[in-house]
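Both complexes shown next keep chain A, but they swap its partner, so chain B is in the first and chain C is in the second.
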Partner chain A sequence: MSNRCAVIGVGQTAYTTKRHDVSIAGLVREAALRALEDAGLTFKDIDAVVIGKAPDLFEGVMMPEAYLADALGAAGKPMMRVHTAGSVGGSTGLVGASLIQGGVHERVLVVAFEKQSESNATWALSTHLPFNASLVVGAGGYFAPHIREYIRRSGAPDHIGTLVAVKDRLNALKNPYAHLKIPGINREMVESTPMLWEPIRYLETCPSSDGACAMVLSSESKVTGTPAWVLGTAMRSEPIFRAGRDTVNPQGGKDCAADVYAQAGITDPRRELDVAEVYVPFSWYEPMWLENLGFAAEGEGWKLTESGATALDGDIPWNASGGVLSSNPIGASGLIRFAEAAQQVRGMAGEHQVDGARRALGHAYGGGAQFFAMWIVGSRKP
Partner chain B sequence: MRDVAIVAFAQTRHTATDSGLSEPELMLPVLEEIRSQTGMRRFGFTCSGSCDYLAGAPFSFVSALDAVGAWPPIAESHVEMDGAWALYEAWVRLQHGDVDTALVYGFGKSSLGDLRSIMTLQLDPYYLYPLGLDQLSYAALQASALGASRADLDAVARRSREAGATNPHALELPAEPGDPVVDPLLAWDIAPITDGAAAVVLAAGDAIADLAARPAYITGIAHRIDPHYLGMRDLARSASAADAARAAGVGKGHVDVAELHACFSHEELILREALGLPDSTLVNPSGGALCANPVMATGLIRIGEAARRVMDGTASRAVGHAASGPCLQHNLVTVLEG
Partner chain C sequence: MPSEDLVADHVLEFPGGYTRTTGPVIGRFLTELRDGRILGVRTQEGRVLVPPLEYDPGTGDPVTGEWVEVGPSGTLAAWSWVHEPRPQHPLDRPFAWALIKLDGADTCLVHAVDAGDPKTLRPGTRVRPRWSAERTGSITDIACFVPEVTRIVSPVRVPYKIRAGASLSRFLEGIRAGTFLGSRCTTCDKVYVPYRSSCPECGNAISGEVTLPDTGTVTTFAINNLPDPRAPQVPFVSAYILIDGADVPMIALLGDVPAHEVRQGMRVRAVWVPEEERTAGMGNIKWFAPTGEQDVEL
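What follows is the complex of A and B.
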């Protein structure tokens, strides 16, 4: 079977609406240098670089890995560019891990970024004529009907989304990198904000952020510092236009979770995982993914959220970092989930550390809820 | 490393203009041909290469999944690069040992926009893009740096056009130089605007013998990237292509056939030198990119064409090469053996 792989360095930039002070190259280099510093290494110690980001239309630079090779110390080395829509950050981590697991390299730098202030995200995410009817609805307009269908199926009460919006922003107050820090955040504040796409209110959506995240991945023999061991990796995709696919509770997500749990020897994720960083760009996706990922039975996810189980002091904290709802440089958001999961089991998550976290899930999804990337990391060598 | 071989290859009959087919419609017959060659409909891993900027719309790879079928859901990834790098990712994935087959594909329609200015968007947006160099200008800059004679450039172009005339997948192009474009490049020195797609199947373990009588084993594969800034490189040489060739072991034996991803005549001269290919190596018997350049599939096709010659017995050792980035910045080299 494949070789062991560990996360030995994590670097993040502060996430914010607009980084006036750095170029695109400066942004990714900042995250990369922090990850290398965390690992006690330099660019010289890196065998290969894997970079990921969402559509190139966000920054207007086509295939930017060519331009970013210099800033990431990749010259003279192999460099890859991954793009799997919103799940790309997660996929980037998995492609990097694959290079170690396949025995091709000993140390790989993975970097994901988005500098969304360079353009308009809703425009860059929309396809237009002649390829598609141009709805210009962006992600919120696309996912709102799925959420309404979830509410219809499960009979969840209206305030569940609000609870998630508040919980994740309370967690963000403990995360020095988080974009949205809203002192005094509470249900009344969320409910007083405008309705954007029924039932998603302004404060129930993710922000549009500039930011980058990087990790140093290592083979077993080259581990430095505190490792987070990769216990399982999985990706799944399904076709967006397949008639009859369940877009509310997608099969791809269920299959991906089953695969990654089997590799990590997990049969009951709620009990056997200590913390999860899950891609929740709109508040209602917490209960939806709780069910899709097997933390709750179908129709029961909202009850877990309502009970407080997913809060930082609950029995299975979700998005202790504040999640995508608090920071969203789209192409990096998946890798941030993977990195935050690693920080938890390394015991290096700072103020939002879940005490004694030993096993954590990192999750990302993208496209029309059709691309999934997941990993499980642990404090103990598999 | 675990033995991995190419067991199937298919490509479109490439076109110089938009045939009205969408990208999934372009892919579908290629995938059907792969299915009939291998008898397989599901693969352990799938990876593709494409670029949103060609069509000017995000998520080209999303609708391509409709052509794949992808149901039940599949383990799949995508590179925003030529399909050759998707093949590399799939080769790495097969090294894990838990899956034995991989489907790789790449596609692109450069007829939809102005490729010359689109490729310019690949340059550093702060310091290079504003200089106003389009793809042809920076290629001509490299040709000038090399300083090859017109006779040497003509020899590459003429041989490519003549070879391409025998390749049913290539464009129909005249075997004459055409007009000057950007000094020193003439029309036949430049890869044509092309729409097309290609797919390859990789196999490992027992699946190799099950799927092909004469598989093309990947005995070496490596890629390297150079610094981006043109002023930081010796444009007359390709250090990254030479490094990748060394890492892939090109020099360990005679290369019977090499398919080089040269989008301009002078690039072939630079690559032959970097890969250390002797005059006895047959270069680009398909006609190469100068006769069909479906961007994002062109590199994958080079590997597929090289593999095809090993699989049909006309070569015992072949090299497939792919390039990316301005002026051959990024190079991937594959050695294939019977």
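What follows is the complex of A and C.
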């Protein structure tokens, strides 16, 4: 059995298109200092730092972890970088947690960031290598066909994606850190925006954000303040070009969920979890992941969305924070999901708090839906 | 009668130039300027005037003897862009005449801003003086103001050679010949295309080469409304095509069909460029086009 681990501090920056006022170092430090302040600690109290971000090509800084050691108070301490594409924020949290659970360290600072305004992620994801004629244009171009296949298989009506796009942006209006805040957002507004990668509309995609998120993780004996206890952690990956790979409902996601539920003693996630922060960068991924994560039977996820169950006042709110659809500093997006799950069970989520949340899921995925990272956190010590 | 107007040039100039006795207030300002410092003076009401005046223009009271170092940075309050500078202007290229509120001052200083492009200026833009090489105690000791450095461009360019590798080279030989080469993992009994030499499922080495036809079925697709240099027009369709006999789909461009007539299950065939134009690259395939056969049930 592993040692207990708790989240004792969370820090986020206000997500926005361009943080022209800070360097990358200033950005990550802002999140780190807020997490430390939340925990009532300073850099001196930290044993090790784990940092995550998406591909180096996004900012064109090679090995940013080396340059950021000073900003994160890591001098003389172990520091490592995690990279698992879009799921990296989640994986970063899990690597940090494993250092506590394995008894290596007492307090670990985990930080993840992206400063998308320094270049263009679609460019970085579509570098057109020689010999290769793969016609993928950015993440939207990659995921659109899988969404189309989900719609065909499930028979979901067209407006489901629109409902999620509206719901998450309504939630974002209650989150002071959210990037996209669209007062009066409604279905007509979403439907009036152009198709970028049909069937994905402009307002059914995530924004490009600058931002960082940090957490202080602690062993049981070093807990300060209000802890969120880690009840389960799991990561899975699968090869992208495997014959017979189900790109709509990937096996890696199902296996990862089964593992994290087993650790937390959960058999019926919809009823036993109070809130979930799930990586939904394109609105249709909510019904897809509702099925992949066992909240609904295969082909039934869209009905849960349509019923309003995943809204802030539903029985299983998804992305109360506004989610990736409202803020997407790519490398940080997974860690934000994990941090928002922790804030919910700490009762510190503010205006988007789900009343009495005791157990929450944090989820991230990346690559061609081939890397998965999940944790479950709870208000009660396991 | 005079046959023309009598016109002559004349210059009125006091030899050596007029002097201006500065008085204690303006003199102090110019003396500090010569030393590379910008000072303002405080009025009896507590405001800091930059440039200083001897008497408060609001009240007529003499200013106090309190000097305050301001700037050297400030923010842009307003400006007028000069597209064609005149000979007597401080800069020989387009610039802005601007009202600059220096940090710590309550009034604006008029000076030139060398910004290159008027689009870079906004109310609130931070600027800083560029000092003249030789200072004499004059407002022109500040040659002009320039925007602060907030962002630099960091060009990263990594030229390198990509070797296609044995498997991809073999596949591209097939493409040059107008065929799709795949490989069969005998352990998993799955056919991979493009040709590869190890199985992503079981990890075993693959040796069996399979020649596949250039026909297949569209399993799913995206209609892209964003332009791409590799696509002939917008919108274009990028499709997952399961080549007949293969177990993994390839992503390729669809053509010869309006985007909104593409269907999942549609039968397609590769459209090859003429043989004499072919190279060892995927450019040999213009796109896939519908065969007209009945759709396949997915």
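The criterion applied here is as follows: the second predicted complex is superposed on the first by the 377 of 382 C-alpha atoms of A that agree within 3 Å, B and C clash if a C-alpha of one lies under 4 Å from a C-alpha of the other, contacts with A are read in each partner's own complex, and residues count from 1 in each chain.
In this section, contacts are C-beta pairs under 8 Å (C-beta built on N, C-alpha and C of every residue); 3 or more make two chains touch, one makes a residue touch a chain.
Small disclaimer: the values here were computed from a predicted structure and weren't measured.
With both structures placed on the common chain, the touch criterion links A:Ala144 to chain C but leaves chain B unconnected. In the superposed three-chain model, the partner touching more residues of chain A is B, compared with the other of chain B and chain C.
Legend: residue contacts after superposition of the two complexes on their common chain; A:Arg152 is shown touching chain C, with no touch to chain B.
Legend: residue contacts after superposition of the two complexes on their common chain; A:Leu196 is shown touching chain C, with no touch to chain B.
Within the superposed three-chain model, A:Ala262 lies out of touch with both chain B and chain C [touch as defined at top].
Of the two partner chains, chain C is the only one that A:Ala243 touches; chain B does not reach it.
Of the two partner chains placed around the shared chain by superposition, chain C is the only one that A:His20 touches, whereas chain B remains out of contact. Of the two partner chains, neither chain B nor chain C is touched by A:Ala297. Shared contact residues of chain A, touching chain B in one structure and chain C in the other: 60, 126, 128, 131, 239-242, 245.
Every residue of chain A that touches chain B in the complex is listed here, in rising order: 1-2, 23-25, 55-57, 59-70, 74-85, 91, 94-95, 98-99, 101-104, 124-128, 131, 234-242, 245, 250-252, 255-256, 259, 367-368, 370-372. Residues 150-151, 154, 156, 162, 164, 168, 172, 185, 188, 190-192, 200-201, 219-226, 228-231, 235-236, 238-240, 247-248, 251-253, 259, 264, 280-283, 285, 298 of chain C are the ones touching chain A in the complex.
For chain B in complex with chain A, the residues that touch the partner chain are 1, 22, 46, 51-53, 55, 57-59, 61-63, 65-66, 68-81, 85, 88-89, 92-98, 118-119, 121-126, 128, 222-229, 232, 239-240, 243, 324-326, 329-330. Of all the residues in chain A, the ones that touch chain C in their complex are 20, 60, 126, 128-138, 140-141, 144-146, 148-149, 152, 194-198, 200, 239-245.
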